[in-house]
Every structure is written in C-alpha cells, then in structure tokens.
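Two complexes follow with chain A in common, the first pairing it with chain B and the second with chain C.
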Partner chain A sequence: MAKITINGVEQAVEDGLYLIEAARRCGVDIPHYCYHPGLPVEGNCRMCSVEVEGIPKLQTACTTIVQDGMVVITDSEKVVGERSDVMEFLLRNHPIDCPICDQAGECGLQDYYMEHGLHDSRITVSEKVKKKKRVDLGPNVVLDSERCILCTRCVRFCKDVVGTEELVIKNRSNHAEITTFPGKGLVNPYALNTVDICPVGALTSRKFRFQCRVWYMKNATSICPGCERGCNIWIDHHENKIQRLRPRLNPDVNNYWMCDEGRLDFHWINDDRVLRAEGPDGLMRPDEADRAVLALLSNPGDVLIVASPRSTNESLFALKRFVEVALPGAALTGGSFRPTGDDDGFLRLPDKNPNSRGMREIGIAGDLENRLNGSAGVVLVFENDLLGDRPDLESVLAGKKVVAFTSNRTATARGADLVVPVTTYAELNGSFTNHAGLRQEFRSAIRPPGDSRSVFDVVKSLSGLLGKELGWESETALTKEMTDVITGWGVRVEEETELHAG
Partner chain B sequence: MIEETKVLTSRIHKKDSHTLESYREDGGYEAAAMALAMDPDEVTAIVKDSGLRGRGGAGFPTGLKWTFLPKDRDFTYLCVNADESEPGTFKDRVILDLDPHLMIEGTVISCHALKSEHAFIYIRGEFCRPYRRLVAAVQEAYEAGILGDNVLGTGRKLDITIHKGAGAYICGEETALLNSIEGLRGQPRIKPPFPTNHGLFGRSTVINNVETLANVPVILKEGAEVYRSRGTEKSPGTRLFSVSGHVERPGVYELEHGVSFKDMLNDICGGVKGGRALKAVVPGGSSVPVLTAEESMKLQMDFESCQECGTMLGSAGVIVMDETTDMVWALDKLTHFYAHESCGQCTPCREGTGWVAELVHLINQGRAKSADFDKLIDLGTQICGNTICVFSDAVFMPVMSYTTKFRSEFESKLIDSAPVHEKVGA
Partner chain C sequence: MATTEKTEVKFSEARKQEIERIRGRYETPRGLIMPLLWMIQDDYGWISYDAMELIAGECETSPAWVYSIATFYTMFELEKPIRYHLQVCNTLSCGLCGSESILAHLEDRLGIQAGESTEDGRFRLTAVECLASCGTGPMMQMNDEYYESLTTEKVDAMLEEWNCD
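Coming up: the complex of A and B.
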C-alpha cells in the first residue's frame, strides 16, 4: 500500500496503480479521454494532467504510477486552466455536429466542456481542417474523421485487446487521421467495441447510427444469450423496442467487451414476434390455448417435453417441476441443434446457447435426438427451433402433434399444430449459468408483446388446469428454492458499474 | 582575426576523404584499436573526463548519459542520430558525406564502451549522397574486419544497421527515432522509462548525434586533457557551426566553443551580406529563441553564454538575418514548418501548432486584428509544458521571442493597429 495525499486528503492505495485509477478509488474523478482502464496507457490527450508536488511540470495522471508519499492536486488553478486549454484545443478543429451526431448526450466533449471548458470561442478566423465525414472502416463501423480527437483508444483496442491491428493513424499534425491499411478493413469480430470506447462521435455503429437519441433510451442490465460465455450487457431500449446492446463491465466474464455477433443479434426481439396463440382453427386467447394444450396431455406417457438451453434457469426449473408434479410419466429432455462455432481464444465460445450448463445442473437430460426418434406422439417444444436448426427433423416430427412455445415465427412454429407465444430473455427477470458455472441474473428490459407469457406463467396455468400446484407463490420463491437446492447458485448481486461514457 | 580550428573537419577537403583508404592514411581506426585494448569503463571514463556534450541539441554530457545504462543489462544498442532535420542545421551531413569513417570509428569505440554489439544509424531520408557513402563506408568497414564478428582482430562483435528515415522531422527526437526503427509510427514515447532502461526493442539503448560520436576518436587519440584545452570549461572542444542566411560566406565551420558571434560573423563568414546591417540571429537551430543584433554582439558561442543570453546553443545552426528581413514573414515560414511536423499525438501540440501557424500567417498577410495577436501570444504558452516531447517548446520559443523582441513589426501588420487607423482617419 502507498499513502498518497489527494487534494489535502491522505489515503492509502494499492501499489503500482496509475494515479488516475488510484484517485478514482479515492472518489476523485480526473477527467480523461485517452485513458481507458481496459487498454494500455498512451498519455496523448493531456486532459488528465495534475500537479504532483516536487515536479514543476504538470503530470499526466494516466501515466504516473503512485508512489508512497506522493502529494497530488487535481483542482488547482493551474490544473483547471490546463484542462480548459486542452478543451479549447480539442474543439479547435471539431465540427460541433452535435445536432446530427449520435454521440450527443453521451459525448466526452460535451460533458467535459460543460464541466471544464465553458470558454468562449476564440476561433476568430478561417476554416477548420476538413476531413472525411463518412468512412466505412468495416462492415459495422463508420468513421467521421472530423469528430475524431485522436485518442487512439480504437487503435489500442484492435492492437492490444483483439490483436488484429487493423486501425492505425496516418498523417501527422492536425491532418492525422484514423485509417486502415489500404485494401484492408476493420473486420475483427469485436470491432463494435471501438464504438463504445470512442469518447466522441467519431466511430458509430452502422446499425445504430441515426436510429435513436441516447437521452430517450432507458437501460436494463442483462446477459447476452449469444453463447455460453454470457457477456454482461446493457439493453438500451426506447418505446418498448431494443435500440442497442452494449457490454457491461464484468472482470470475471467479459471485462469491458462483447462480440459483434452478440451485440447485433437483437432484432428478433423487436420483430417477427408471435403475438397470439394460433391453432388449426385460427387465433386463440391464452386460456383457449392452454385448454387446447391440455387436450393433448390426456396420456402423459405419450408426451415428450423438449426444453432448451436458451431458456432461463427459472423457466427450466419450472418446467422440470411441472413435469414432476403435473405430468408424471411424460418425458422431459433438453438440448439444441444450433450449429456450434469456434472458441476464438477471447470471448466467443463454441456453444451458441447461453444456458447449457444451467440446464445440465438443473438436471434436464440432454438426450434430445434419441427422444425425438422415440414413440411420443405429442411434443411440447419450449423455446427451441428444432426445425430451423435441423430441417431434416421434419420427417421425424411429421407424425406427431407439435406444440411450439416460442417467441418468434420460427421454422418449428410454422410446422407446429399449436403455437403459443412466450417471452424472450429481454422481457424476463431470470438468469443464465455460463460455461464456467457462474449463474448470472438479469432484469426484464421491455414489456412482453401481445399475449407472450413467461414459461413459468404458462406451466403454472397448465398445472392449475390439471389441478396441481407447482408450489411457488411467485417467481421469487422459485428462484429461492432453485438457488437453495443447486450448489454454487447462491444469488449473485450484480454490481452496476456503468462503462465510462468518455 | 580568428580562424577555424579543424579537428573533426581536418580531412574533409581531401580528395576521396570519404573512403577507408584515405581515412587510414590519416591514422584512421588507430584510436579504435587503442580503445578496444582498454576496459570499456575506462573508455567511458575518458569520454566523461573530456566533458563532451551532445551535439544533437540538448547538450547533455555524453559520458554521463552512458553511465545511466543499468549495470545488469543483458543487451545494449547504440543508435546514431543522423536524422539532422532542424532548420538551419546541416553539419552532420558534412561528416556523413565527407568523412563517414570518422563517425563509424566513433561508433566502434562507443559501442565498446557501452558493451554494445549492435548499432543502428538512423539517417535522414533526404540525404542521398551521404546515404550512399555511409552504406559504402560501412561495407568497407565490414570487409576490412572493422565491423562484424571479429572487430579489429579482438574477437569482439559489432554490427551496424543503417535505417533510412522517411522525411519526418520528429523522427530526430530520440524516442520517435526508436519507434521508427522498430517499424512503428514515428512518434515520441512517454518518458520514463528512458531509453537507457527501455529503449530500442525494449532493450537498453543510448542515442547519440553524429557529431557527438565523431568527437570520440579525437578524444581517445589526444586524451581528455588536450581535448578540454579547446573551448570553454563547460563547453569543451570544437563545434561545427552551420551558418546560413544573410552572410557573405555561408557554410559549415569548425570553431572552438566560446568564440564570439561577432568574430565568427565577420572573420569567418565575411560579415553580413552586402554590408547591410544585422537584424537578428538564431544561434542554435530554428527551435531556440531569436536574438536581436544588439544581443548577438555580446554572445559567445558556447552552451553557457547562450543560456545567459536567454537562448540556447542547440544544434549550432546559426541563422543570420539582416535588416531586410521581415520578422513576421520569417516566423510565418517557421511556424508553417512546425505545424507540418508535429507528430500529432498530444492535443496541445497537434492543434496548437496549426493554430499558431494560421495566426502568424494571417498577421503576415495583413488580415489579422489585435485580438488575433493576443491569441497568438496566449497560444504560445498554452502549447508547451503539457506534452509528451519538447517539440512544443521548440514552437513556443521562437513564437515568444519573435513576437516579444520584434513586437512592433507584428503590430504594424494588424488591421486595427494604430498606423492603419491614422491612415483611415486622414
């Protein structure tokens, strides 16, 4: 531990920390642009300069390592003056596009100008340096060179986090620009993280640009369902539509990052949803649907229930209990035919389901293929697009009565005799257990569309009709029992750490 | 009447002075043979005793710099800074072009002192003939067994790699130079760590200027004491002055440190061009504060006198400006250069140098107001003190000195300056 004095207050901090991080832990925020805790330091923006006793020149807090006895001042006239100078320089050639800029509202320049600039413009004459306004760096990321403050966060991300080194700076002086090598693009599967860490509106996501003003959006903590890593995310939504997904800091899982595939995979939640239950005779109310399902359950021995590693622990736990108490004799199986990917050594893992481990630990057998080939005449498929993943199963399912509990109009839904809408993870409080056995909770972000119900509500209603009790008053009670009985699943309290906007 | 003291430049007027044969005729590589027979620390001690100071700009004591290398290092590089790009400085070129073996011998001796087996020479890309001659000289040295696996028959190893720059002034800054050799973007590194601890490819590295190293064989040959007999106490030895501008005979002249500027101007350079009056002098390359004619008459050409005079000897690039010089025009040219050469990583330097250049240009064109001039002065101070390298100071110093010492010239070009108002009123 090192004792340092920040603005007159003596504090003990860990050895080896950069001053900027040490100060943050002591509750003193030092403004910064180029510094990002997930990247190596570069010290180029000069925004974080502070006074260190005994050194005549200002020192950049992001490159200075704390030393025992260090005396630091972060709010002297000199420091404040320097910040304002840096702001003035940063804005010298900045286009101030705020009215049309996607970053407005979460922009490092706007925020710090209000906090540390507030100078009058002294740009008396002439033109700003003109640069390209729309450069397609790659399939997902668009660059506005004029807005760039050359902090090199994006460059360092590609070089030091992903290791692909697509981005570089070309040219010197105020003609310096972010670019890729000739003929190459920003194509790494994590490229959109550069948009998050870009402190200004220079890098924008092609999918998100011009879609929604950030101040309209609300955010909910969630978990990406894209693979068994379970990256922690924010769901940013507006008017009950998801606008974007962003990574949420979790040093044990995904740090500050997530992959582009996971980030961009949310349109199925907004679009093409099943809103009403549907049977051979057309649309049904939920109670009609439940009775139609019930009619198929008269012989439990003929019923196969297919669970999915895309369902939450809570849904799976409820389903298992449902079979045990209300439908003894019916077979319960789980699994997925989703094509697997590669372990790329960073975040993405082969199993593209978020909850395979949770399903296993709850005790749902994974003998899906065998069971499907068995004799069951009625198959209830919960959140599992069997036919989408394996079109060849059509012949297997052909002779059976299929009920699809699904959020979307999947191939399985199209081939089913009965379709019942259920919620997605974005409309649920729940949890997934990732590949490492970490049970991660998330909150519902948006309201379920149409008649969508949670699997819990569906099976609760079905058991009611069967005259059985699942035994929980609420989902909270379910969660409690589940986390009590499964070892290692004790409730984890998520620390709500916001990514630094700037 | 003073004269040149030709120590480093004693051979440059000879025919084929750049060849190994010619160099050997004059006792070339004898100092190296002598040094290699000594203990490396002994060589360092001699260089330290000589009081040799770096010729690249900062004037840092060379022997002292060498002792900063950590004792427990496992590998050391020497980088020779032959990037010579400071406006007004063109003396390294003379050595590279006319006596490259002198510098190579300095490198051989220095590498022995530093226990280095690999030296890099970073040469300015625009130096065409000097580059060809340097390459040829290194080749000759390899063939003659001066470089390679058995340096001068001692069984020691030394390789020299020549790296050509691509035209960036900033690559003369020592850590930008290291980046450039490594194939990275040529921009200065944050210090600490210093190159002596973490330099080229992460290893202990010493960077020295061409002229600095050219002094080393001389020091070894004649001993520290004789070497110190020239120049002044704090600036021992001779210096290659690059004199340009309004003088009758511009060129590179070798003089003892401490000569008076006046004598240099009149005796060596034939006085101000056309017998006109002197107006201003830049004594140490474009980055140091300018002096008025009056100040320059009291100036002695050594590190300490320059400092007393409020300027620096820098790289000893002497730019002489006579009464016909428009100082605003001169600063316009200079700031244009700096605005173009900032590496662009630090916010104040990247944005500030461009802004400064723009304002000076406006003033020069007679399109600026006094508010612009005030802004220029402000910017001068805003730029420096908070950047990764001292490039920003190199912009600050000329801006502040030109605008202070020749203020009226700037003011008279402002739209709202007093004389203009009078004219309008009349």
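Coming up: the complex of A and C.
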C-alpha cells in the first residue's frame, strides 16, 4: 500500500496503480480521453494533467505511478486552466455537429466542455480544417475524421487487445487521420468495440447510426446468448424495441469487450415474433392453447419433451420439475444442433448456445438425437429450432405431433402442429451458466410481445390443468430452490458496474 | 500519396545481408521499420504499398503500421520520384518567419497548388510539417537538400537554376 494525499485528503492506495486509477478508487474523477482502463496507457491527450508536489510541471495522471508520500492536487487553478486549454485545442478543428452526431448525449467532448471548457471559440467555422465525414473503415464501423481527437484508443484496441494492428494514424499534425492500410478494411470480429471506446463521435456503428438518440434509451443488464462465453452486456432499448447491445464490464468473463456477431444479433427479438398461439384451426388464446397441448398428453409414455441450451436455467429447472411432477413417464431430453464455431482464443467459443453447462448441471440428458429417433408420437419442443439447424430431421418428425414453444417463426414452428409463443431472454429475469460454470443473472429489458409467456408460466399453467403443483409460488422461489440444490450456483453479489465504463 | 502502379519490390542479396547485420541492434523486429524504409527509398527512389507490405513481413507487423510511419515522415517519398520535389515547412517557427509567402510565391511561379505537380512532371510542391531546421526558417527541402532562410529572391534564383537543367 502507498499513502498518497489527494486534494488534502490522505488515502491508502494499492502500490503500482496509475494515479488516475488510484484517484478514481478514492472517489476523485480525473478527466481523461486517451486513458482507458482496458488498454495500455499512452498519455497523448494531456487532459488528465494534475499537480504533483515537488515536480514543477504538471504530470499526466494516466502515466504516473503512485508513490508513497505523493501529494497530488487535481483542482488547483493551474490544473483547471490546463484542462480548459486542452479543451480549446481539442475543439480547434472540431466540427461541433452534435445535432447530427450519434455520440451526442454520451460524448466526452460535450461533457468535459460543460465541466472544464466553456471558452468561446476563437476560430470561425471556415477556418477549421476539413476532413472526410464518412469513411467506411470496414463492414461495421464508419469514421468521421473531423470529429476524431486522435486519442488512439481504437488503434490500441486493434493492436493490443485483438492483435491485428489494423488501425493506425496516417500523416502528421493537421493532416493526421485514423485509417486502415489502403485497400484493407477493419474486419476483425471485435471491431465494434472501437465504437464504444471512441470518446467522441468519430467512430459509429453502421447498424446503429442515426437510429435512436441515446437519451431516449433505457438500459438493462443482461447476458449475451450468442455463445457459451456469456459476455455481460447492456441491452439499450426504446419503445419496447432493442436498439443496441453493448458490453458490460466483467473482468472474469469479457472485461470491457464483446464480439460483433453477438452484439449485432438482436433483430430476431424485435422482429418476426410469434404473437398468438396457432393450431390447425387458426389462432388461439393462451388458455385454449394450453388445453390443446393437454389433449396431446393423455399418454405420457408417448411424449418426448425437448429442452434447449438456449433456455434459461430457471426455464429448464421448471421444465424438469414439470416432467417429474405432472408428467411422469414422459421423456425429457435436451441439446442443440446449432452449428458450432471456433474458439478464437479471445472471447468467442465453439458452442453457440449460452446455457449448455447450465442444462447439464440441472441434469437434463443430452441424448437428443437418439430420443428423436425413438418411438414417441408427441414431441414438445421448447425454444429449440430443430429443423432450422438440421433440415434433414423433417423425416424424423414427420408422423409425430409436434408442439413448438417458440419466440420466433422458425422452421420448427412452421412444421409444427401447434405453436405457442414464449419469451426471449430479453423479456425474462433469469440466468445462464457459462462454459466455466459461472451462473450469471440478467433482468428483463422489454415487455413480452403479444401472448408470449415465460416457460415457467407455461408449465405452471399446464401443471394446473393436470391437477399438479410445481411447488413454487413465484419464480423467486424457484430460483431459491435451484441455487440451493445445485452446487456453486449460490447467488453472486453483482459488482457495481458503470453505465459507460471508461 | 502512393500511386497504385505496380513495381516489383524486393530486397537484394546484399540488402538481406545488411538487414541480418543490423537486426540485433533493435529490441523488437519493429525497430527495423525505419532502416528498411530508407533502404527501399534508396534502391527504388520511392516507397510503394507493395514495399510497405514487404517491410511489414520482415518486421513482423501489419502493413498499416508501416504505412503509419511512412506517412508520418515527409522525407519518405510515397509517389514515383520527380525531378524536383519541393517541400516547404509549414510549421510554427517557419510560419512566423514568413513561410506562407514563400509557399504562395512558389505556387504562383510554378502555376500549381501545394500538393500538385507541374504538367511537365518536373516539379512537385508539398507543404510539410516541421523539418527540424526551425532556427533557419523559412525553409524548404528540395529532394534531399535543405534550403534555409528563404526569401522570394532566393527562391527565384533557385528556380532559374533548376529550370535550366
């Protein structure tokens, strides 16, 4: 531990920390642009300059390592003046086109100008250096060169986090610009993280740009269902539609990052949803649907229930209990035919389901293929697009009565005799257990559309019709029992995470 | 900026030996980027994109990284060489000593804007950042040579000389 004094208050901080981080932990925010806790330091923007006793010149807090006895002042006239000068230089050529800029509302220039700038411009618009407003860096990222403050966060992300060295600064001084090598694109599978860490509106997401003002959006904490890593994410939504996904800091799982594939895969939640139950005679109310399902369950020995590693632990636990209590004799299996990917050594993992481990630990057998080839004449498929993933299964399912409990109009839904809408992870409180055995909870972000119900509600209603009790008053009671009985699933204390980390 | 025209670039045997000789001087392979850029420029007169890719391979880095360094220093020629490449320093010290009027005078005399070449392909004019000769501003670099403490008269005399050859 080192004892340092910040603005007259003595504090003990960990050895080896950069001053900016030490100060943050003591509750003192030092303004910064180029510093990002997930990247190596560079110290190029000078915004974090502070006074350190005994050193005549101001020091950059992001490159200074704390030393025992250090006396630091972050709010003197000299420091405040320096910040305002740095702001003036940064805004010298800035186009200030906030009204058409996606970053407006979460922009480092706007925020710090209000806090530390407030100078009048000495430059007229026509004197500003003009640069390119729309450079397609790659398939997902668009650059506005005029807005760039050359902090090199995006450069360091490509170099030091993904190791591709795709982005660099070309030229010098007024001519300096972010670029890829001529003829090459920013194509690494994590490119959109540069948009998150760009402190200004220079890098924007092609999919998100001009879609929604950030101040309209609400944020919910969630977990990406894209693979068994389970990156922690924010779901940003507006008017009950998901607008974008962003990574949420978790040093044990994904740090500050997520992959582009996971980030961009949410349109299925907004679009093409099954809103009403549907049978051979057309649309049905939920209670009608449940009775139609019930009519197929008269001989449990002929029933196969297919669970999915895309379902939450809570849904799977409820499903298992449902079979045990209300449908003894029926078979329960789980698994997925989703094509696997590669382990790329960073975040993305081969299994593209978020909860395979959870399903295993709950004790649902993974003998899906065998079971499907068995004799069961009635198959209830929960959140599993069997036919979408394996079209050849059509012949196997032909001749069986299939009920699809699904959020979307999947191939399986199209081939089913009965379709019952259920919620997606974005409309549920629940949890996934990732490849490493970490059970991660998330909160519902948006309202379930139409008649969609959670799997818990569906099986609760079916049990009721069968005259059986699952034994939980609420989902909270289910979660409590589940985390009590499965080793290592005790509720984790969520670390407090910042909304806009870095 | 570099043209897209193709020239086959490679390091000669002698160059390869030289590279092996100096490799040990640098902590990381990346340290070789600058000397290799000079070698290419000396051998070919300019540095093409292909050459940057070649260097990147040698230095275990991306072509983008080499491109960044090559564009930082205006001493590196990224276009096919031209008889007279005039690079006028545009930075503060030279600016205070009147570099703007030197540049304007050259634009006027050559009938081109900074960043352009004359139609006969003999002169290219570029405004560049500090060439580290701030004490003798205004200054410019013609090919590899510095011309310092410039006045419009001096510039006229130079043009006279260069135009005759």
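Just so we're on the same page, the second predicted complex is superposed on the first by the 494 of 502 C-alpha atoms of A that agree within 3 Å, B and C clash if a C-alpha of one lies under 4 Å from a C-alpha of the other, contacts with A are read in each partner's own complex, and residues count from 1 in each chain.
Methods note: contacts are C-beta pairs under 8 Å (C-beta built on N, C-alpha and C of every residue); 3 or more make two chains touch, one makes a residue touch a chain.
Owing to the predicted nature of the structure, the values given are computational and were not obtained by experimental measurement.
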Joint occupancy of chain A by chain B and chain C, clash or fit: clash
Partner chain(s) touched by A:Ala23 [first = chain B, second = chain C, both, neither]: neither
Chain B versus chain C as contact partner of A:Cys45, first or second or both or neither: first
In the superposition, chain B vs chain C on chain A residues touched: B
First (chain B), second (chain C), both or neither touched by A:Gly183: second
Contacts of A:Asn171 with chain B and chain C, given as first, second, both or neither: both
When the two complexes are fitted on chain A, the stretch of chain B hitting chain C, from 164-172, 290-298, 344-352 or 398-406: 164-172
Shared contact residues on chain A - chain B and chain C: 168-169, 171-173, 175
Interfacial residue positions of chain A with respect to chain C in the complex: 164-173, 175, 179-184
Touching residues (chain side chain B, partner chain A) in the complex: 168, 170, 185, 190, 339-348, 350-355, 358, 362, 367-369, 371-372, 375, 382, 385-388
Contacting residues of chain C [partner chain A, same complex]: 2, 49, 52, 61-65, 67-68, 71-72, 74, 91, 129
Contacting residues of chain A [partner chain B, same complex]: 41-47, 49, 57-58, 60, 63, 82, 85-86, 88-90, 92-93, 122, 124-126, 129, 149-150, 152, 168-169, 171-176
